[in-house]
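In the two complexes below, chain A is the common chain; its partner is chain B in one and chain C in the other.
Let's look at the complex of A and B:
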């Protein structure tokens, strides 16, 4: 027993050292940095208590306005994307699970392949498809008489472009999780429904959806966290524009923190902590309302 | 009745074909345009099936940018992260799944809880740490923080718990130590999970854009995604060249994914549904 326990700690040691250094320590240090003036080159320029937070909640301070604008951009993306991505993933999974589908393996593979791509790759592909003058999508729109659309430079098109690109890129992941969930629903339930003469809509509402409760809950939380990580698509495709309308928090924090001349690391950390806090509050609310039934 | 089935059969498969077309088309467009001369790419109406292919776009990006160096950087850090983190995670997961020691469940709960720590809180202090050790702009800046990922420990622990204990008991009676139990019994049994984790880590590092963008600042150290983003403005009008670069990043991960997709998908479902 004694020998066993020493080996246990030894086996955990390599992982725990990295885990401690890059997960636990930064969690504490991030909060500390948010209470300092901190420069990219200068390092810690002094403890200033809650000053950064005060500034971020002061509506007259320019960074505060921009930060909350970015928070609004992130929220917009969350509202547009989370339900859409969940229902599209579910739709694809149901399609693949359909007994009439003969091309199951190919479909599943093709729907999932974009997940294997890197952000700059999907960004350049879609920027080219959405390009104003000679992009393919504007060609098709001109062909059917609608005309060119300024996809990346005007609202609401800029958001639509980012959401469509992200949908194509990531929906396969949701589909795979839903497929796993669908396969966990006992087939006897469907057989019983058939015997009772239920149509496919009723079967979906009364058997499929309740059976997927845990999975939907899990994907919702995952999608909310992912919305806050929105970065590369606006950075590369719209540059945060038009204006600052597609500048999400992650991109704004990146821009302010890695400012070469001004010591904004501290206030950027405060923005990170506020964002992280908001994510945790949303997750907690979900757990308290839906989670009790889900788990 | 038979008619209804035929209609369902046709609509389902037709819908799937349309969706397959929509999902595959952007990738087809990238590949085909990467082999087309620039004047044909921007033709109006667009050319869907070219009659003339060229390697010029590839030559242009290979000669005009350090993309080969970026390719090698990406291969190196991705293989390093995948290998090292699999090794580290095997030991940690075995300890959490099978060994008895004080605080084990507590440690597991902390690791599990860490899955919900938003990354947005961690990246600034982690940058400061990496900078403090002088790792910015080195491979270590990419490799070491990636080893702290908790997902692998979680995945392997779940898998190890499912392995029958009797296999180990027999080896223990024969006097085998923990190391030989891990490598001779656990690793061969958990092979699918280990491959899954290796591939997930490889692809995660290969595709990662945000973190390398922060910690790498000299052109020769870039990984492919960062390099690709950096040359975007330079080649803004050269779509063929950009598509050639994009395809060079995409090809390895697509190939790896297609080869191991069965395991990969199982791994996601396993952790997703149970998690």
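Let's look at the complex of A and C:
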């Protein structure tokens, strides 16, 4: 019994050492930095306790205002994207899993390929598709008589553009996971339902969804985290605009931290700690409410 | 026989290592990634050939964002580059933080003095009674490009761009028309990059000053700033010579496609336009669109010696030798393209052979630099937002500038608390 445990720990050791060095250590150090004034060149300019946190909750401090505005931008994106991406992934998976669809492999590939591309590539492709004066989408819209839309320079189009771009990019990931989940549901259940005379809607509600309970929970957690980390699409496509309405919190932290002549690394670390805390609370609430059913 | 060969090999190895040991190695970092970097590399390679055995310079390029992170961090840990490039906006900050050596004691060795250079670019690198960097180029941020073919079609002289605001509006109106079913515009004002540089040039042309002398208050919502922003706003919403909602780089694309008559951008677009087949265009520094004095916003590059731990006097002399060599062969770098930091480069025949640069340089005396200070970058950020709000029709120019001044003032006030 004891011998087996030792082997377990030994196999874990490589992963644990990387995890400790690249995740735990920076985490602890980041929390320490969040209680200092810290510059890129100057380094540690002094321990200041909770002053950074105090300033971030002070409505008169400009950085506090901008930080919470960026938090709201991220929240908006989460509201727009999380339910949409989960249901789209599920819908695509069901479509492709349909026994009447002959070209399963090709369809899977078509939807999954964008996932393999990197953020700048996606952003550049969509930036030019959505371009106001000469982009392909506006060209088609004028062709059918609707007229041009300022996709990246006005709201609500800026959010719509970012959501559509991100959906095209990452829905394949959700789809693949759901496909795996769907294929794990025993077909006997579907056969039994057919015999009982259930229509497809009832089958979906009473067999598919419950069977996918674990997978839905898993995807929800991951989608929330992924959407919370929104960074590259607004940076490259809208520059955070119009105004600062699409500037997400991760981009704001990055812009503040890597400021050359100003000692803002400490306060950006505090922003990161606060953001990390918020997402942690969200995930914990999810685990406590839905997690019990799934696990 | 074998013993002789081995002996000779060891002897040659020792000689080589002795030679190498007496050769001074200098590490040179900069942010010239991309095609322009290859011109600087040429100068470095030529230098290394001529000074083989005595001085060897190794040039490393990285994106500017990485550069400004790596340089301070590596210097702080006692390593890092010996020499490098500082752009005009960083030189004050790195001098303040003690990252570079003053070059004042070496001005005679380098053979430089203020009157050899355009005064604006010299003054930007000379402060607190010290010379901190050797200016090697100027990179104007507001260049007016115009399409000669479209000028001809509109009945305008293709070799005469507008020289004041009145002419600019007039020409733009003549160039705004429907051609073969497509809407052609006189100009295109982007709602983001690089419109700040156009606004700043007109603002300085109006005699404006961004902040008060001790940098405690933002004052750019005065007539100078408002007039500049109102002019750009009117081009879109009053004269309709620019489309609305121009996103970043759409103006570049349109200029290359020949659907816009005049376009503002930095000098860096010159290469792209030269390589566009069928585009017959001209380029000139931003004309006098303001009311007081000519001014053109610009960037610049300076050669600097870093305060690296343990840098010997021999290394410093080697660095100065390299700097002098670069200055003497600067025309090679001007191809990247850049404008010179010294008027004398205009008479260099190689510089004259580079397309368009000599004619653009004739207005180089109009170039101005902002008055940098440590919070300058943060404190001017709200102006970029204000321009975006105004040009997307979200706020009036007055409102946008007033709001920006409020935010700038808060940023400046944070100097006290942080």
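Just a few scattered comments:
Keep this in mind: the second predicted complex is superposed on the first by the 277 of 295 C-alpha atoms of A that agree within 3 Å, B and C clash if a C-alpha of one lies under 4 Å from a C-alpha of the other, contacts with A are read in each partner's own complex, and residues count from 1 in each chain.
Note that in this section a contact is a pair of C-beta atoms (placed from the backbone, for glycine too) under 8 Å apart; a residue touches a chain by one contact, two chains touch by 3 or more.
Because the structure is a prediction, the values reported are computed rather than measured.
By the touch criterion stated above, A:63 is placed in contact with chain C alone, chain B being left untouched. Looking at the shared chain after the overlay, A:22 reaches chain B, while chain C stays out of its contact range. Of the two partner chains placed by the overlay, only chain B lies in contact with A:121; chain C stays clear of it. In the superposed three-chain model, the partner touching more residues of chain A is B, compared with the other of chain B and chain C.
Of the two partner chains, chain B is the only one touched by A:283; chain C is not.
Shared-chain residue A:35: touches no atom of chain B or chain C.
In the overlay built on the shared chain, the residue A:103 is in contact with chain B alone; chain C does not reach it. Within the superposed three-chain model, A:258 lies in touch with chain B and with chain C [touch as defined at top].
Shared-chain residue A:176: touches chain B; no touch with chain C.
Judged by the touch definition given at the top, the superposed model places A:241 against chain C, while chain B stays out of reach. Shared interface residues of chain A (contacting chain B in one complex, chain C in the other): 43, 131, 134, 258.
On the side of chain A, the complex with chain B involves touching residues 1, 4-9, 11-12, 14-16, 18-19, 21-27, 29-30, 33, 38, 43, 92, 95-96, 98, 100-103, 106-114, 116-121, 123-126, 128-129, 131, 134, 136, 139, 143, 168, 173, 176-177, 179-181, 184, 214-215, 218, 225, 228-229, 231-232, 236, 249-250, 253-254, 257-258, 265, 268-269, 272-273, 275-276, 279-280, 283. By the touch criterion given at the top, residues 37, 40-43, 55, 60-63, 127, 131-134, 150, 152-154, 239, 241-244, 258-263, 267 of chain A touch chain C in their complex. Of all residues in chain B, only 5, 8-9, 12-13, 15-17, 19-20, 23-24, 26-27, 29-30, 33, 42-46, 88-89, 91-92, 94-96, 99-102, 104, 107, 110-111, 114, 116-129, 144-145, 147-148, 150, 153, 178, 203, 206-210, 214, 224-226, 228-229, 232, 239, 242-243, 245-246, 249-250, 253-254, 256-258, 261, 265, 268-270, 272-273, 275 touch chain A in the complex they form. Taken together, the chain C residues at the contact with chain A in this complex read 65, 68-69, 72-73, 75-76, 90, 93, 96-97, 99, 191-193, 243-248, 250, 253-254, 257, 259, 374-375, 377-378, 385, 388-389, 392, 394, 407, 410-411, 414, 417-418.
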